[in-house]
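These notes are about the structure you will find just below.
Labels run A, B, C and D following the written order; every chain starts at residue 1.
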Amino acid sequence: MDADALSGLVDLARRTMKNAYVPVTGFPVGAAVLSKNGQMFGGCNTQSVISGMGVCAERSAIDHAVVNGHYCFDAIAVVSTLEEPIAPCGMCLQYIGEFSQVADGDIEILMVGASGHLERSSIRKLSHRIFGPSDLGLDLAPYRHRHG
Amino acid sequence: MDADALSGLVDLARRTMKNAYVPVTGFPVGAAVLSKNGQMFGGCNTQSVISGMGVCAERSAIDHAVVNGHYCFDAIAVVSTLEEPIAPCGMCLQYIGEFSQVADGDIEILMVGASGHLERSSIRKLSHRIFGPSDLGLDLAPYRHRHG
Amino acid sequence: MDADALSGLVDLARRTMKNAYVPVTGFPVGAAVLSKNGQMFGGCNTQSVISGMGVCAERSAIDHAVVNGHYCFDAIAVVSTLEEPIAPCGMCLQYIGEFSQVADGDIEILMVGASGHLERSSIRKLSHRIFGPSDLGLDLAPYRHRHG
Amino acid sequence: MDADALSGLVDLARRTMKNAYVPVTGFPVGAAVLSKNGQMFGGCNTQSVISGMGVCAERSAIDHAVVNGHYCFDAIAVVSTLEEPIAPCGMCLQYIGEFSQVADGDIEILMVGASGHLERSSIRKLSHRIFGPSDLGLDLAPYRHRHG
């Protein structure tokens, strides 16, 4: 991932963070995914008052890419208003992990604090095991070649 | 809602339905929301292999609008590959209901079958009671005037 | 449902409400389900700090019954600390609706305020349509005859 | 954790697995948690037809303990019908991680295959970082001393 793509992805995550819908906690988070063919899709957290509802920024960004027909990702960036970088929660790691099986490869995770401090890792490094659609023998081929 | 807006919204829901990520059941659903200032955002269902994860088309469309800074909706359309119209599930009705408190008004629900059969209802008609952020006294003002 | 069963169910919901894990909002809710063969199982809300995680009292009570091998319910009670009765949220109505297809019958919903005010309704009355496993042709027979 | 407690916990997980409600995939999972004061609570997966609903066995077991007023756990066991042990999914790791902050200590994770093959790990070993209620400064004291 080159420096331009990286800063573009982080910039998008920062812009979509501004749109977070967080009436419950007031804590906004932004994210952006980079698809294998170079497109970027942003996400933000959206809170519900019901336990079990709402979405984190990382899942929102992935869902946004899916709506546009992109399922294979090279990287995802996550930003918040905290000085230090935050990592995706376990639920988002699960989601990213499932899509790493679609991509059939690792997905880089870029975590950036408000201070600008950048931490780079990946779904394989942050997950001891990934359990996803491949483990159930589901057919992912239709989602692997939609965009060139 | 005029005929052009209605058919535009249904068309968008049909287009995004094609991008549904449904390796578990193979049953795609599409949706699209119309914001108060006339913009449309599509959604589709995205399935996970984990109980409690993934998103329906209606919530995906709303999350997509939120990422773009839109929180007040006039209408949402939902389409599937079934001949007859399907209604939003209870979880989506809850989500739409919460955003009807942000909009401080009813939200029309357009349900369209593959046959073209259109059914019109609204979140207030489909919900006996709506429980949302207003019931907890949460401040929704910041989300009411972002666009126009 | 006789008066003893009704008051027993409401009492159980009130007792399990005391165990609610609500570090986020401090708003406890209790619930209890009555299985077709007369057993009762309590539930309470359990909150997470992550959007999309945690459980409401009604779903908790149903999950508790399932752990004990009960899938067919006649009634569910829900109580909170508010003076007036509260209704299940849309997500819980969806869950109760799915299990009404397992029971192949309506499920009574008892809503009780702290004042003692009781409101009686049912899943069929509170849901305009119920979408569940039967609509996908899933086999529910194994869950219909486990207890008596 | 002594051998008796360990085999008791695994036995309970195997028994509750038999009650799993799995009309969607037919893949049952069982789990059981051991509270700090020695009580055990079982769980099983419960599936919904809606993306975003339903619960895994591990979260079901924790919710079951919460209903009974237990919030501090020493261990959780997970079993399935597969020969080899399976690990909790990311969403369950997140949930276990949040409760490890309530317990203010690590939580052992016992994974057992149908072959009897046992793998021992812990939430701290399986999570690179744990994000939970403590990170938001929420008050967990009320949940730390409920049971002796």
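Operating definition for what follows: a contact is a pair of C-beta atoms (placed from the backbone, for glycine too) under 8 Å apart; a residue touches a chain by one contact, two chains touch by 3 or more.
Source: prediction; values computed, not measured.
At the interface between chain A and chain D, over half of the residue numbers involved are used by both copies, so each side presents largely the same positions.
Between the two copies, chain A and chain B, the C-alpha superposition involves a rotation of 180 degrees in steps of 5. If you average the Cα atoms of chain A and of chain B, the two centres end up 22 Å apart. Chain C has its Cα centroid 26 Å from the Cα centroid of chain B.
Chain centres here are Cα averages; for chain B and chain D they lie 34 Å apart. Counting partner chains per residue, chain A shows two or more touched chains at residues 24-25, 46, 48, 50, 52-53, 55, 59, 89-91, 94-95, 131, 136.
Within the complex formed with chain B, the residues of chain A that make contact are 16, 18-21, 23-24, 42-44, 46, 48-50, 52-53, 55, 59-64, 66-69, 71, 91, 94-95, 98, 131-133, 135-136, 138-140, 143, 146. If you check the complex, the residues on chain B that touch chain C are 25, 27, 52-53, 86-87, 89-95, 97, 121, 125-129, 131, 136. Residues 24-25, 45-48, 50-56, 59, 89-91 of chain C are the ones that touch chain A when the two sit in their complex.
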